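Read through the structures below before going on.
Both complexes below contain subunit A, partnered by subunit B and then by subunit C.
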Partner chain A sequence: MSDILQSLIDIVGEKGVSNEPEELWFYSRDPGVLAPHKPDYVVAPKTTEEVQKIVQLAGREKIPVVPMGNGMSLAGLVIPLKGGIVLDMKRMNKILEVNPMGRYAVMEGGTSQGALKSYLQKNHPTLRHSLPDAPPTTTIAANVSLHGQGRLTNQYGFNSDMVTGLEMVLPTGEICRIGSPSIGPYWFSKGPTLPDLSGLFLGWLGATGIITKVGLKLFPNKKIRDVELFVTDRVELVPQILYKLTHLEVCEDINVWFQPKPQMFLGNFHVTIFFTGDTEDEIEFKRKMIWDSLQEHMDAKDGGFMSVQYMKSTLLEMPGRTIADFADVPKGGGFEYSGPIALIEHYPQYAAKVVELAQKYNVLYASAARLISGGHAMMFSISFAFNRDDAAMMERVEKALDEAMTFALDMGGIPWKPNHKEQKMLLERMEPNARKLLLMIKKNLDPQGIMNPGNWEVNA
Partner chain B sequence: MTTIRHIEHEQIVHRCFRCGYCKYPSDYSDFNCPSYKAFGWDTFAPGGRMWLTRAWLHGEIETSARFAEIMFSCVACDNCKDQCVFPKFKDFLPDIFQETRAELVGEGRIPPGVRDYFKAVAVSGNPYKLPQSERGDWAKGTGLKPYTNQKYLFYAGSVGSYDEVGKRMAQSVGKMLVDAGLSVGILGAEEGCDGNDVRALGEMGLFAQLAQANIDTFKAKGVKEIITLDPHALNTFKKDYPALGGKFKVQHYSEVLAELIKKKKIKLKAYPVKITYHDPCYLGRHQQIYSAPREILKAIPKAEFVEMHRHGANAFCCGGGGGNFFTDILGTAEDSASRVRVREAAETGASILAVACPNCAKMLTDAVKMENLEDRLEVLGLAEILERARK
Partner chain C sequence: MYQLKFDQKVCASCRSADCLLKCQYMTFAGHKEAHGEMMKIMKGKDSRVLNECMTCYACEEYCTRGNHPFYLISEKREEKGLFTAPRPITNQWINMTQMQGKCLVGNVKDKALSCCYIPDLGPLGTGEIFKDVADAGVFGAEFMCPAVHTHFARMSVIKERLPIVIENYRKLGVKEVICLHDECYGTLTSIASAYGMDVPFKPVYYLDFVLQRMKELKDKIKPLNITVAYQRSCSNRLIPDKHALVKKIFNLIGVKAPKRTYQDENALCCAEILRSISGYKLADDVQKRNIDDMLAAGAEYCVFNCPACQSSLSEKVAKRGLKPVHIIDLCKMAIGEKERGTT
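Let's look at the complex of A and B:
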């Protein structure tokens, strides 16, 4: 047995480490299209102290460490590009505290979205968090590490904006608290009024440290949720429609989607408008505001509200299970998406590009945009499904996504959850002093370059 | 990719997205795949199994003790089949795992516990290696007569016939049926192992032998209707036997007892106690029988029935499904299914954990001891509870 394996066993016990071919094979890949790369060990810690010891060991031995939630970014962000240790964080899954009056929760760094949702439903039914539509197995810490967005992003910003404090294991092995928990016992602010150090970790894809605890804002869980679906075939009107809807300041979440299958959806743009209330009166009042705001488009016969009756429960489901269904439309269990963060006014160009790329590469598309912070930007998903048994199709999807990202950058958008290739494209375009600042931060925090190497690797 | 091994559903294995919905119950409250819960590696979750199966079929990973452990630690609880996001595809998940195990059996690379189990059943006709002649001994004092031409055959199964906890359960059901005046008999020493778990573990040859022998006996005796103690037997009698020519009307004893209570053939008095109920996978998810056991418990005057958080189609397996009852690959650590389950039962505040399967009864009885819950929680079969509440 190697010294490293024995040292890892000493830290987490035999059940917490594996270098068996089965785990190495599985943890070398994610469900997206990027090529796998084998780790040397897979380790599943249960405590912050175990994480600390693993990182210290990795530092001494100069072995990469890749923190992993459920590996569902689809962008290969947990593929250990340079081998080393994949750290499966999911055994650190305790919900440590809910402060109902302060509306925040604190949990361990492998806690899943599903677990928090269920916990709140059972114990604090008047509270909710901004649940993404990712599978419920995905973790909260991973989601804020990649600036995820969820059901409340239109109202309150990226999910990473909702962080209220962090406990980090730094690449040098120190344990460090960020925000109000660095000063006192409460987890209500990630930064303000201090210099906001959370920016050293959020969005860094695990390349600057490991989140072992995360505080998250909770929001009122209103008694009633409802949805309206506005449909238009005039893509150029979509930005205006979104502008009018966001002006109302009453929508929980706004998504715009289009897809060629089933046939009934082809050629239309569907604006799904979610809203909430504590009474039927509140709901009806908001519904009227939403309808009134788009009246002129209906008068001009440019679009109309579609009855949602038969798909209401599907639309209201959280997370939306049918989103994962897209992976199996070509009966092949796979899809991958780029999700550039872009201006709403660019919606028509992005929409045209999706269709163009799908035709060029002969792949099946779907797209869903989610508004961010009341319309300051949108996450525009460019999704292509593939058949996992068809290597050529997977290659075509990869190429289509590369081209989509070049387009997004040309449009002035920024990639969301960029894969390692997209990160390079992005860094090449970045203003040199901004790039230098990134390099400085990365070098100082992770002098040995052991944290998720291959990601946010800034060259001088 | 070239396929170097073959299973029936190999054409769809690649469709698993690895999203993990299947690890959970419908409200995501905890992990509901017992092997993932116990081992904590993604490889032990349904998605992991699917991806590894594909790699193994294509020769990207070899047959190994670890691979066998991963495959044989699936307890065939069917949670993944219910929870997977892909319609139709999901129906075949447990089949794919079962076919993979069968392939491993064919290669002769199986965990020692599984091998010993097959051997015991093949040689002794039961996993306990006890004499066939003693198979009917449990029925002494119940009033049950050997099956001649009664309306029903009561099939006790190996656990009901040989295990102490199982025998108690069988006796209480037997007595209840006799006292209610049902025309019912047993096969005793002529009863054979039903083969459900042998099949789940992938020994198709042995299963075929066992099933054929049972079918022949049932037919020779003129059996038309069967009441099973064990949901495992119920499952295979209903699902697998018809294709082998064994078409009988099969019911679980809970269905029969519920009917007898309704018809006032079993009369009940007040029994003030708080009861929760554990759905056996082979009764619930496999056979969709959820209401009969609850009807029985709710019929007891003054008894308070409470559900566990995970119940019905979302119930968490006791860990004894798919042969793990005998092979014990899940082990008995803190996160093993039976221990998790009794902690969940204790949380309800119930003092009785009702069960409808002898395997569950044994698994959960042992777990109550391991969790030091003996003072708070008693594991009892439905009929054992009825005995206490009978007028």
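Let's look at the complex of A and C:
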């Protein structure tokens, strides 16, 4: 047994460490198209102190450390590109505090989305968090560290904007609290009125430290949720439609999607509009506002509301499962998307690109855009499904995604959860002084370059 | 291409103009105006009817001379490009109901049980009532009556697809097709006949079948002793002679349906198609008047004949205290196959 393995066992116990080939196989890959790479060890800590000791060990031995939630980014963000230790955070799953009046929760860095949702439903039914449309086993810390979005993103911004405080283990092993918990016992602000240090960690994909605790804003959980579905076949109208809807300030979440299958969806752009209320009167009031705002498109016969009764329960599911269904259309369960953050006015160009790429590379497409912060931007997903058992198809999807990302950058978009290749593309285009600032941060926080190496590797 | 058999002389000589005068969504000053509008439509001229018709199908019933005013209105709308609903909604229906070779065919011999392309119909066509035909179900776009496209003034889709549907049934070698949806029976009788299409099998209306079976199962019936309001479907207007079956079935199973303002010829449609065509205002008004009327009649249950009406109105009637139920499930309740309550 190697000294490192024994040292890891000494920290977390025998059941918390593995270097068995079966486990290394699983931890070497994610469901996307990027090539797998094996770690040397998988470690599952239970406490912040254990994380600290592991990082200190890694620093001494100069071993890479890759913090991992549920490994569902699809972008290979926790594939250990340079081996080392994959730090599986899922055993750190305690919800430590809910402050109902302050509307925030504090939990450990491996707590899953599903666990928080379930806890709130049981103990604080008037509160909810911004649940992403990802499997419920995905973790809150991972989601905020990659600037994830959720069901409340249209109203309140990126899920990372909802962070109210962090506890970090820095690459040098220090434990550090960020925001109001660095001053007192309350977790209500990640930054203001202090210098907002959360930016040193959010969006860095674990390359500057490990989140061991996270505070998160909670929001009112209204008694009734409802949904309307507007369709148009004129893509150039989509930005106007979204502008009108966001002007209302009554929509919880707005998604725009199009896909060629099943047949009923062919040729139309679908705007799914979620809204909430505590009474039927409130729901009807909002529904009428939504319909009235788009009446002129109905009068012009360019768009209309679909009857949603028969698909309402599917649309109202949280998280939605339709993405998983899409992944299995070509059989083989593969699915990956490029999700640039982009201006809504560019929707028609992005939509045209999806279809062009699908034709060029002979792959099945779907696209779903989610509005961010009342329309300041959107996440536009360029999604392709593939068969994992078809290497040629996977290669075509990878090429299509690379081309999609180049297109997004040309359009002035910012890739969301960029994989390591896309990060390089971004850095090449970045204004030199901004790149220099990133380098300064990375070098100072992680002088040995042990944190999730291969990601956000900034060169001078 | 099939041509609508519309007798201009019959229309020209009409003394009632009931097709338009009785319309619940358009008003006319009197016979002269209503008749004049029909004459314009017949001659291919512009008429406000071509813009204002809400496609409730009722004029097919109001015309007692068998001249198919609704099909004519829809034909003329399509000719002039005056489509009813927003284009994406119309196209979505056309795409959704496209035949793709994915139909389901049960153990069909001389009879088929048509579930159209409506998943809800499958579970309805089961149990003691349908025991001899339940395994002869057919389902899918290949067996779907395309009448829904009349709502969108796309008669060309009907003329293209209905002969294929009829041919698909013919290929099964059936003598009878029991239609679980009014629209199917109405299509295979009224529309096919109006366009001169031969139907080489006997369409059987499901309520005829259900009534017969309930008579056979009379010993098992325990009167329900409930009060209901019946939601008549738009497609029942294509087969008005079958409407009386509802009352016969109600009588057989001990169901009271007190007199309402909006019943029989004066029934209001479920209004969901109105929502698609013109927005929520008219649809909300129609649905509110309809449900108010059901409650005023003292109904406990709202009984549906059409799954589309049921889908449109179930939630709304339930929120106001009425129990939504399909008429087949009501019969199943009467013979003890289903528990009383919401279905």
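One rule holds for everything that comes next: the second predicted complex is superposed on the first by the 460 of 460 C-alpha atoms of A that agree within 3 Å, B and C clash if a C-alpha of one lies under 4 Å from a C-alpha of the other, contacts with A are read in each partner's own complex, and residues count from 1 in each chain.
Here is the rule we go by: contacts are C-beta pairs under 8 Å (C-beta built on N, C-alpha and C of every residue); 3 or more make two chains touch, one makes a residue touch a chain.
Just so it is clear, the structure is predicted and the values come from calculations on it, not from any experiment.
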| item | value |
| --- | --- |
| Partner chain(s) touched by A:100 [first = subunit B, second = subunit C, both, neither] | neither |
| Touched partner set for A:112, first subunit B, second subunit C, both or neither | first |
| Contacts of A:13 with subunit B and subunit C, given as first, second, both or neither | neither |
| Of subunit C and subunit B, partner touching more subunit A residues | B |
| Contacts of A:412 with subunit B and subunit C, given as first, second, both or neither | neither |
| Contacts of A:264 with subunit B and subunit C, given as first, second, both or neither | second |
| Touching partner for A:220 - first (subunit B), second (subunit C), both, neither | neither |
| Subunit B residues within the subunit A interface of the complex | 1, 12, 14-21, 23-24, 27-30, 39-43, 48, 51-52, 55, 60-62, 64, 66-67, 70, 85-86, 89, 309 |
| Sites on subunit C touched by subunit A in the complex | 83, 85-89, 91-92, 95-96, 98, 100, 272, 275-276, 278-280, 311-312, 314-315, 319 |
| Residues of subunit A touching subunit B in the complex | 15, 18, 20-23, 25-27, 30-31, 42, 44, 70-72, 88, 90-91, 112-115, 117-119, 121-122, 135-137, 321-322, 324-325, 327-328, 331-334, 387-389, 391 |
| Partner subunit C, residues of subunit A touching it in the complex | 231-233, 263-268, 280, 287-288, 291, 295, 297-298, 301-307, 309-310 |
